[in-house]
Amino acid sequence: MDLEKLRETAAEVVAREDVKYLIGWKNGSYGYRVAPAFIEDAEGAAELIFSPLCISNLSTYLTLVEKLPLPRGQEPDTRKIALMVKGCDSRAVTQLLVEKGIERDGVVVIGCPCPGMIDYDLLAEKYPETEGLSEVKWTDDGFLVIRDGEETNVTRDELLAEKCRLCRYPNPLISDIMLGEPVETWEPAEDKGVEEVDKKDVNGRWAYWEEQFSNCIRCYSCRNVCPLCYCQDCILDRLNPTWVNRAVNFSENTAFNIARAFHLAGRCIECGECERVCPANIPLGRLNRKMAREVRDKYGFEPGLDPEAEPFQASYKPDDPEDFIL
Amino acid sequence: MSANNEPNIVAFLCNWCSYAGADLAGTSRVHYPSNVQVIRVMCTGRVNPLYVMNALQQGADGVLVSGCHPGDCHYMEGNYYARRRLGMLKDLMEFVGVDPRRFHMSWVSASEGHKWKEVVEKTVEDAREAGSFEGFRRRQIDW
Amino acid sequence: MSAMLLNKEKWPDFVGKLTGKQLWAPQIKDEQLRFAPVAEGEEPALDYKNTRVPPKNVVFPQTETLFRFQVDGEEVDEPKLDEEVVLLGVRPCDARSMVIVDKLFSWDYDDPYYARRRELVTMVGLACSEPGLNCFCPSVGGGPASTEGLDLLMVDLGENYLLEAITEKGEALINETKELLEETRDANLEQKEKVINEAAQKIKRSIDPEGIPVGLPGLWEDSLWQRVSASCLGCGTCTFLCPTCHCFDIQDETEGFESRRCRTWDSCMFEEYTLHTSGHNPRPSRLERTRNRINHKYNYYVDKFDVIACVGCGRCINLCPVNIDIVEILKQVKEAL
Amino acid sequence: MKTNENPYIPYNATVEDTWFETGGERAIKTFKVVLEDDEARQNWNHRPGQCAMIGVLGVGESMISISCSPTEGDFLRFSVMRMGKVTQALHQLEAGDKMTVRGPYGNSFPLEEWKGKQILTIGGGIGQAPMRPIVEYVKANYDQYGGLTMIYGARTSGDLCFKNEFEEMRKNEELSCHLTIDVEEEGWDLNVGFVPSMLMDLNPSPENTIAITCGPPIMIRFVLENLKKLGFEDDQIYTTLENRMKCGIGKCGRCNAGGMYVCKDGPVFDYATLKAIPEAFA
Amino acid sequence: MTDKPKVGVYICHCGINISSTVDVEAVEEFALKLPSVKVARTYSYMCSDPGQALIKEDIKEQGLNRIVVASCSPRMHEPTFRKAIQEAGLNPYFLEMANIREQCSWVHEETEEATAKAKKLITASVAKVRLLEALEAKEVDAEPAALVIGAGIAGIQAALDIADAGFKTYLVEKTPSVGGRMAQLDKTFPTLDCSACILTPKMVDCASHPNIELLSYSEVEEIGGYIGNFDVKVRKKARYVDFDKCTGCGECAAECRVANRIPNEFDQGMGKRSAIYLPFPQAVPAKYTIDPENCLYLSKGKCGKSPKCQDVCGAEAINFEQEDEIVEFKVGAIIVATGFDPFDASRKPEYGYDDYPNVITGMEMERLVSASGPTGGKVMISNGEEEIEPKEIAFIKCVGSRDESVGNEYCSRVCCMYTAKQAHLIRDKLPDANIRIYYMDVRAFGKGYEEFYDRVRRENVRYIRGNPSEIFKRGNKLVVKAENTLTSTPVEDEVDMVVLGVGLEPRAEMRKVMDLLRLSQSPDKFFLEAHPKLRPVDTATDGVFLAGCCQGPKDIPDTVAQAKGAASSALIPLARGKVTIDAQVAEVNEATCRGCGFCVEICPYTAIEMTTVNRFGHEVEVARVNEALCKGCGSCSAACLSDSIQPKSFRDRQILPQIAALGVLK
């Protein structure tokens, strides 16, 4: 993508009176890190980047911003939030519209067609991070990693993030401004992660997840980063009634993760953020993608495509599958 | 499982069909295993799928949800919603490795006392085969 | 206090000697490095930078039963804590964190659970020869071979580990394993200095905390807090992974007729942490919470206990999903002063 | 209970008497409780202003101000507003029921230091609870103080706590007891108006006086403003803070206001200290 | 939940029904140890007066505030015990029943297992009852008036019944006249009464009834509210004829410039009318209406020098300035009687209905044989070349019924009989004609129907079993191609005329009524009744009832019966003057609601609406429950991700402890 164009567009957008700020990506503090950027002026816009490291889904910030009590008489700031989205991120925006989490008028969606993002862990493993800022660019057939001035060409296959391998919607599905031409979509890969679990027998799967969920430290980063986990008062935090105890142990962790996965069934737009942020490396993406796959295959439904769609969990079809019924 | 190694099963029955069907089984003096404890709800649509998880966590070895046949819901659509939600839950639980024999759903009408017996027998038998589910208990960890 | 050499070939024997106590050491489990009890036949992994999760749960478990009781009952049962633990391979920063946390847990009231677990643990440290990218322990009073909080320090000298007893507990450990150890020579100590110096050289990140504790109150209303907190997700990663974070929640949990009062790690980054029942929240947004986290470590704790509650382990930087970087924040603080 | 030195393990206490001070959704109920263990009862020695963790096993604990003065006898009093899970469970307790008590915790009003001075308490709503021990203490040691003035208000007369006691006090000519409610109501022939304005109306002299205020945050803010207008110095003004608490002994961190552990460094603060805690009025 | 729960557990022996299998004493002893339980007792018959007295006494004397009755099914005696504890001064909803008879003692044989199960069930009941909340069943006043939508025979009958009972009834009819489909029919089977003769008096009655306000040529625009309190808005379309001035003389129609040029809907388009018209001679009200689409003046702005109707109308009733009028009123109950549409035969192109003039539908046949019809009752038909009196006549049944290819799997119930009737009528008029009827099955189930069918067969009407596959033209004849499935022989039958026995379909415009009233469709697309057996005239919307063919195909006697049923159901709230609103309804915690609207989508009763509230200065959308519409099913709740909407008495915080209690006892 043409960074000049991006920054120019961003500067124009934030200059608008009806726009409060723009959320995009900027270089992080070192190495391959990229940080969310909250841009309010042209100067800030000049920091924006769009690179294969911009894997994070910024749409979560649309609902994360606190609506603090306003002093009597003060009007809420209803200016729009501008947001940069990749294909996957845009589905989150659409799903938020379906669920009335945001209003269409409240956002300016800046679409960034996405050729695929890099898996940070793979990258750092192969080309260890250094304290200076590194840069990664797209090339025709992969990525160019520029680290301490040293350039390395890497094939796409080597570093492409798992969610991008599986991606079916690299181009934003909803946008007000589109930056650049749509990218050509690619054949989504087999979901080996889900299949690896799927092919185990039931006890094997339990053993697998037992190991994973035992590691959960209940930091709630998966929930907080999720653009669709936006209840002000999550039931899994609540104590009356208690769905999940505060105790951190396998049983409660499993209950937490099952409940979250269930709440996301038919809503998860497969941005993979939960898995990316998990400090315990729990493959949450497998859980959510499995559900997304079931919803797609069995119920013919995909969330985040149509802002007018009936929410999956709030609808039914008379001929929904019922082979599991006795 | 109970001391006599019998599975403990929690069943959620809709008031209008399945609960009435279970009552009919009683009126007809149909005998069936005593492992199934019923929680009455107005409609299967009320059954939050997380109840199933919660029951397994809190001591059940199996869970049953039973309601009106499709099209017969007292509230017209509740069982359709339940079917979708619980179908999803079943898929999720299976993927997580919960033995599918631990969770069943059935349609039992108010006139199907005998079907209720069969459903109970099947549920109990399946849960028995699946064994105790201590692995997921909300147990208090050691000191 | 004595210093001895342990030939690496004898390492398994050395580990084997530490019987009768529960041995916690870094191990690769589920493709991850973490502190875990070492089972028979398992070998600790010492060739590592540091674990993702610090070993603080050895003395401050993430979930800990305070006591148990029957529903509707009046008598309570306390846990009996008597198992001795050897924490093997702990990094100096993590060991130092315990010394820092000790101050709070013994402030006027001894926290009996923490105190007891501290008593029962023997800390066998491993000096860092390959510090991580985000390590900055020297900036906050530590170092790659800091002995604070350790009973025994191990330094990797290539073929050997140098074992230095720091406390009586450490001395006892050396005595128990004496037959495996060799006397040190001067060259070993020189080599140690070299390893440590080299390690210190490799630490790239730094911040001079001078002026921060006294300066932070003046920056209360500074715009930097908005800047650094805007991207915060409000998750507990930074605090749960912080070896000095020590806040907790207490809850009564009941299963059937059995209840317990237990405590679990809590995080000041959670909205619910300070939320009053009335709905009022003294720290209503991520801004106040981020500001509190920095202030607590670099101002309040210094005020109260005369030490910065940060050991520079870099975990919060490594694992923050949105690159909130405490060194960067501190730099901004210094700029703003 | 309390089998050892473990500060997390509470004493058992018996509720001797309970009554409602106010009604409604957020009713206030007062509990008179007695520790069961003889030794514990004898060793219990709280000072006005201190708090205790009271609770119900299986539900949890809440930090509640001890609303009686040690001069009143071998019992404890707590006035509890029904808010959350724990206070709801406490409200269900009746005479003869058990509750748990840990404490006393926190600092206290420096009543020794204040000897010889005029004591002015300014309370609102449930905020009178921590001040009641001061009032009782000063009443019990009246000759050692320069006098006692009490201002207390609530939204309606039904929201006033300890009403009966004030009736008594208003009859006592030595004491100066002023009640107010926010809006007119039938049968109320005392002052109508907000507490801060009543303070201005009474116009107390700051000379040799200590002012203690406690109540809703908004009231406190205006009372502090008005006290300053009246010429009170920062070190003549005291108030109490409350925050979420879990341990009560300065460990869990919940109650932090700035660097202060409200449970240990507080709950009593003079205004000079308070001003340095930016989160105190958050 | 402010008081401390003090639970009484009452264990019924039920004679020996329970106690012979369940060790009730052991259960009693067990129950006493459960948290919050202050009293546990057993008694031979808890439901008996002394049994109830036991409970009441304990409530008063022991201060019990929650009651668990362990006995038979709550479906049996929950009301009994609710009433009992209410009489003792307790909120009736502080009751929980443990079903230890139907679901325990009667289904388990061993005392040990039955007793163990009874203990569990009681533990769960105690766990729940401690957390129940006091509920109030509310009553609201019901407006003593009804709305009937559609003035066919169903609507007319329903309106007359309600009006006769003394209540104001608004009868809304879309077309200019009441009468509906029945008015179009010639004779009625099996009695062969003249349809108009039996219908017209009722039409006149409803126009003149003091309690009926007839709103013809009107459509319902909006309906809000709920049972007892519906707010209705009706659009009275402009007739361009002053209703009060028009005398119905008809001079205007005769003079109309487009007279006899507009297909007459009443005659299925076979006859012609003017732009100003009376739909049919017996129309009620007998007031003329100008059809604005065909009136030259209204559609083109010009009609000669001046509109002739205006010129000729002595009453000066013509008013081209007239505008639609909106009428608003309140009613307590609504009856939907919107009728049906005949199946559109064009959808079976193989029968050539669009191609051959001598292929007609049953409805057209009704007009053709009617003395008031376009031919004056003479059976004459064009074969495409000339008007002939048909000699060879074929009927085809089940056209558009029982036919998956057109999406109608149902039987239309009237076609068998009306084809038989029409065959009989033709036989009357054309004694020499050869009449045959192609059929799949003959269903003559009603009173006198089989007899009538027999009679028609004896009148030399041939029944050929086979469903024709095609109709085509050969010379000046039509060829019906079929297979006689009884003889397995192919048939190519040359005829002069084919009558298609078209079935009944839901009204094309029913969607509008559905949306207005929040009704649902059954799989056949007709309106869905609340219960197919036991509540055939009710709908999911309380206070809204169905009558006639809008609910499904039916004949006149069934229609009238259902109309009377609907009327009597509608009369219940009107006569009582009050409606009780169930207390066990859902409630929203507006503080935690995230405003996603899932519950709104789900609620089959549209009892939930989004509303804007101010949350600390921010406007946010939250769900709100209309208690009058909510049935307490709880489907909303299970989908609420923030658990913000909860059915009272079945809240998560009441059910989860029940689940926990069942898991406790091993």
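A, B, C, D and E label the chains in the order they appear, each numbered from 1.
Heads up, the rule we're going with is that contacts are C-beta pairs under 8 Å (C-beta built on N, C-alpha and C of every residue); 3 or more make two chains touch, one makes a residue touch a chain.
These numbers were taken from a predicted model, which means no experiment stands behind them.
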Those chains which touch subunit E and also touch subunit C: A, B, D
Taking each chain's C-alpha mean as its centre, the one farthest from subunit D: E
Which of C-D and A-E has more C-beta contact pairs: C-D
Subunit D and subunit E, separation of their C-alpha mean positions in angstrom: 65
Computed distance of Cα centres, subunit E from subunit B, in Å: 34
Approximate Å spacing (C-alpha centroids) for the pair subunit A, subunit D: 49
Distance from subunit D to subunit B - Cα centre to Cα centre, in angstrom: 52
Subunit C, residues touching no fewer than two other chains: 63, 71-72, 249, 251, 253, 255-256, 284
Subunit B: positions in contact with at least two other chains: 49, 54, 58-59, 71, 77, 81, 85, 138-139, 141
Shared-contact residues (touching 2 or more other chains) in subunit D: none
List of subunit A residues in touch with subunit C within their complex: 28-31, 33-36, 38, 56, 60-61, 64, 66, 68-69, 129-131, 211-212, 215, 217-221, 223-225, 237, 239, 242, 245-249, 273, 276-277, 279-281
Contacting residues of subunit A [partner subunit B, same complex]: 197-198, 200, 202-210, 243, 245, 247, 249, 251-252, 254-255, 258-259, 261-262, 265-266, 287, 290-291, 294-295, 298-299, 313, 315-318, 320-322, 324-326
Parts of subunit A lying in touch with subunit E, wherever the complex brings them together: 67-72, 74, 76, 99-101, 230-235, 238, 240-243, 263, 310-311, 313-315, 318
Footprint of subunit D on subunit E - complex, ascending: 1-5
Subunit E contact footprint on subunit C (complex, rising order): 71-72, 255-257, 279
